[in-house]
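Structures are listed in the sections that come next.
Both complexes shown next keep chain A, but they swap its partner, so chain B is in the first and chain C is in the second.
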Partner chain A sequence: MVEPRIIIVGAGPAGTRAAEACVQAGIRPIVLDEGRRDGGQIYRRQPDNFTRPYAKLYGSEAGRAQALHETFDGLKGKIDYRPETLVWNIAGGQVWTASQTYQDALPYDALLLCTGATDRLMPVKGWQFAGSYSLGGAQVALKSQAVSIGHKVVFMGSGPLLYLVASQYVEAGAHVVAVLDTAPYSARIKALPDLLAVPSVLWNGVALTMKLKRAGVAVYNGIKPMEINGNAAEGVSGIRFRTGAGVEQQVACDAVAMGHHLRPETQLADLARCAFVFDPVTRQWLPERDGDGRSSVAGIYLAGDGAKILGARSAEASGRLGALAALADLGLPVDKGEMASLRGDVGTYAKFARGLAKAFPWPSEQASQLPDDALLCRCEGVTAGDLRAVMRETGAQEANRAKAFSRVGMGRCQGRYCGLAAAELIAAEADIPVEQVGRLRAQAPVKPLTIAIGDDQ
Partner chain B sequence: MSRFVRLGETDRPIITVHVDGKPVDALEGDTLMVALLSSGSMLRQSEFGPEKRAGFCLMGACQDCWVWTESGDRLRACSTLAASGQQIVTSQPGASWSNHA
Partner chain C sequence: MSGASDVIIVGGGLMGSSAALFLRGHGLSVTLLETDLIGRQASGTNFGNVRRQGRPIHQLPLANRAIAIWRQSRELLGADVEYLQSGHIRVCYRERPELVGSMEEYAANARAEGLELELLSGNALRDQFPFFGPDVLAGSYSATDGHANPRLAAPAFARAAARLGAVIHENTKIVDAQKVGEDFIVTAADGRTFRAPILLITAGAWGNALSSQFGEPVPIVPKGPNMSVTEPVPYSILPAVGVMTPLEEETVYFRQVARGNIVLGGSTRGPSFPDQYRAYVEPQNTLSQLKHIRRLAPQLGKLNIIRVWSGIEGYMPDSQPVMGPSATTSGLYYAFGFSGSGFQIGPGVGETMAEIIAKGATDIPIQPYRIERFATPS
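Moving on, here comes the complex of A and B:
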């Protein structure tokens, strides 16, 4: 029998466990990853000449991070690992890659997309100023480069990452001025039944909040961001916000880390023509998949946070499960009992994730409340008022049509950081459900390529 | 004044990168972004607004941190390692048009 060609995109928790399952089945998969090193974002590895131990880098998840990295190290030589390789399209039954200035087109029998996530952002007036960073970006700065994003840092948004990164900053000796959480404390109480699905992770979260308070960091719940103060030449100088009690306050800072939990990187699934379905809990369009990770397209499997935000632990389970499903579909023997057990694990994490979505709700109403002069798209400087004017003048109420007229979603980030907020703004202005606005269609290349790119090496 | 603050891992060899013709000290293992923002506070001028930019996502998704080599190759400062002898420019070579109305 000819060995089936399995391609895995991503070398984070899901991609690593998928590759491991393939190797255990006697197959040598191709693993394509944009990073310089494996680990993905949450278990991102520091450069070789850095010396901080696992406990310092990954806290309560140190054991999991180390196990994952050691697994990947053990796969070297047994997989065709291609780091610093961007997958920029999936078309014609091939995976199109670019690395440095070379490109390649790889056919496959099974393709596992483990593409991970980026921060979900709600724009705030002034977020274009230097010193505004995504929450995940703030964590990358610390974890992979041992730097703080500023001298006085505010963490603003909501979600588990808000507290995690703030406390990692405190622990590393950074000056954290405040944590400004848009979620009211009451939401967390309501979410408890779901959050109890994974008590250890719930407890980690409680411990983080206690640690921040002990360190003297001001923690506000139920805030509404008003403006990131600053100027064009010097960047961020402070935050103006309204407290949960409705009192306006300001804090001085030179950096702000912003985010509202995460959004999956679904562009490759979209280009591969996988069907999408609207998820009302997170208000996001997600690629459809069955309980094992099969997409609507034969031979394409979806795992980890790139399919749905269920967290790193779930990604390890769904990565392995997706690979086992692919192997089974290719006619290879797999342990059906193990698959059932992995499905159970993913289900438990899904319940917890639903709790997180309730505890830290996406403040969709803030998009429609953006003042006309606030930038909605920070790539091309398109304001909320510009988008409203386009809607009035053209009647556009669909995401891609509004993009064509306003350029919101057409810039460097290709809508990753403005797209969800723009959809909420359109929905509110047009008084239609956000799912009716639709979703920005993925366009190849999914990230900018250099024109000088040539044929394969 | 620097934008980023080093919180450890400072016991690494010093390297020198040239940014817009001026020497900038960095540490081996720094990304270009950390090299530039540990000695200065900005990466580039926004082409669509009055403000300076200093990156945003640090994971290769937003493309806010582009800088260029002297020969015009575009680099993502967040995912490119700094190396001795690099000649970096913070405005796109040859791009002199204005996008402002």
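Moving on, here comes the complex of A and C:
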């Protein structure tokens, strides 16, 4: 029998565990990853010549990070690993890749998409000024290059990453001025029953908050961002916000890291024509999958945060589970008992993730309250007022229609940063449920592709 | 019966939307029916060339009529469709020197129809437009052509028509059309029916499904354009640029919009699926497009594309549209199958069809587009 070709996209926790399962089954998968090194975002590895210890880099998750990296290192030679390789399209049963100007098209028998997540962002007036970062971007600067995004940094938004990155900055010796959380503290109390599904992670979160407070960082809950002060020449100079009690306050800073938890990178699943469903808890469209990770398209499997935000621990389980499902579908022997146990693990993490979604709710109302002169789409320079005017003029109420007329989501990020907020703004303006606004269709290339592609081939 | 009017138009692309606007100008009541949303397929996804040069000489009167409308589009539509009269250049490559003669002959014939073209050597072109690569042998420059934004154009025509009283039904898929007595009865998938003594089919790639109902099937083939766009860069390329070549794969073109993005089009067209209402860009076609773009303008190799797209276009075997009255049924008119070249002439098509319907005649030559050319001899 010819060895089936399994392609794994992504070398984070899900992709690594998927690759490990394939190798254990005697298969040499192709692992495609955009990163220079494995680990993904959450367990991003520092450049080769950097020597910071695991505890310093990954805090409470140091053990998991190290175990994952060691697993990946052990797979080298047994997998066809292609780092710094962008999958820019999936079509015709092939994965289309680009690495610098080198292009390739790889057929597959099974394809596991472990594409990870990016920050879910809510625009704030002034968020285009230099010094304004996503939480993920702030974390990349620290983990990869050991630099802070500023001298005086504010963390604003909500979600576990807000506290994690802020505490990593404190740990690294950066000056964290304040943590401004849009979620009210009461939401966390209400979410406790779900959060107790994974007590260790819950306690990690509590410990992070306590560490920040001990370090003298001002932590505000239930705030409402009003404006990022600054100008185009000098960048961010401060944050104006309203406290939970409704009092307007300002805090001076030269950098701000923002995010409201995460959103899955689903573009490849979309290009592969996987079906999507609306998830009312997170107010996001997610690719459909069964309990093992099978998408609606035969031979395509979805795992990790790229399918649904369930966290890094769940990603390790769902990556392995997805690979076992693929192996089983290819007719290879798999341990059914292990699959059942992994399903149980993912279910537990899903309960915890539901708790997180409740504890750190997406402040959808902020989109509708954006002032007309606030930039909504940074790539294309479209303000909230521009989009509202287009809606009034054309009657557009569907995401792709509004994009066609206003350019919102049409730029190089393809709506990764503004798409969810734009949908909330449209829904509020049209007074329709956000699911009725639909979702921005992904278009190739999922990231910018050089016109020189294939030049030297 | 959901509605009665003087004219029913089936198909809300640029042809149908502009016809609706001009029919209102003649005082006729209009119902425009669109399967999906206005201008979503060929009209909204094409390259956006507002180009007369390169069209068949017999089509230039229609193209001239259209350019007059484009020039006053802002006033006519009350909207900016990003029309720029910033020139158009057609070039040929060194390996096809015989095309220079074709360009000269075309320029002479076009001048007789009022289109002035200036022929330039490759070096003269590169002096003025340094982005051209060394393979470019010569070019034909049309100062009065340009480009516009397809995403905005057809919807702007439809909104202008609606302001003048045209009734527009989107999300209205027509499944049946027949003539009963003096009237056409048009039925939507959800059972709504519409009645009018005149029916205009502007249904693009779906045109054959309706013309067949009147005994006039045509061999239309659905395809999809191959489009890409770069990230924005400083605005410096004014004219739209295209390659003259007999090879489809080499036929690439580009234009820069005022915002700075460069829109790339051409090379092999992809498949499209009218029944699913989707068209896909095949990755190998993107790669071949980029390769030929590098040959045309090597410096563009330094940029990235950020998005590709396609849409559903209807192609006729002779690349000419079906436009004019039905040969079987009085009161029935067609304007579809524009074969990937309908955007520039679109408003002229709408105005001409409105004229034919309202006045019974037009001075614009439409003989080459008659549907009878596809009739099987009985």
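We take it that the second predicted complex is superposed on the first by the 454 of 457 C-alpha atoms of A that agree within 3 Å, B and C clash if a C-alpha of one lies under 4 Å from a C-alpha of the other, contacts with A are read in each partner's own complex, and residues count from 1 in each chain.
Just so we're on the same page, contacts are C-beta pairs under 8 Å (C-beta built on N, C-alpha and C of every residue); 3 or more make two chains touch, one makes a residue touch a chain.
In this text, all values refer to a predicted model and were calculated from it rather than measured experimentally.
Judged by the touch definition given at the top, the superposed model places A:Gln103 against chain C, while chain B stays out of reach. In the superposed pair of complexes, A:Arg401 makes contact with chain C only, with no contact to chain B. A count of residues in chain A touched by chain B and by chain C gives the higher number to B. After overlaying the two complexes on the shared chain, residue contacts for A:Ala25 are found with neither chain B nor chain C.
Using the contact criterion defined above for the overlaid structures, shared-chain residue A:Ala444 touches chain C, although it does not reach chain B. By the touch criterion defined above, A:Asn89 reaches chain C but does not reach chain B.
By the touch criterion stated above, A:Ile228 is placed in contact with neither chain B nor chain C. By the document's definition of touching, both partners, chain B and chain C, reach A:Arg412.
Residues 380, 412, 448, 450, 452 of chain A lie at the contact with chain B in one complex and at the contact with chain C in the other. Across the complex, chain C meets chain A through its residues 37, 44, 79, 151-152, 155, 159, 230-231, 259, 264, 280-284, 286-287, 290-291, 293-294, 300-309. Residues 3-12, 28-31, 34, 37-38, 41-43, 46, 48-64, 66, 73-74, 78-79, 81 of chain B touch chain A in their complex. Residues of chain A that touch chain C in their complex: 88-89, 91-92, 94, 96, 103, 105, 380, 393-394, 398, 401, 404-405, 410-412, 414, 443-445, 448-455.
Looking at the complex, you find that chain A touches chain B at residues 34, 36, 41, 46-52, 118-119, 128-134, 136-138, 140-142, 145-151, 172-174, 231-235, 254-255, 265, 375, 378-381, 412-413, 416-417, 447-448, 450, 452.
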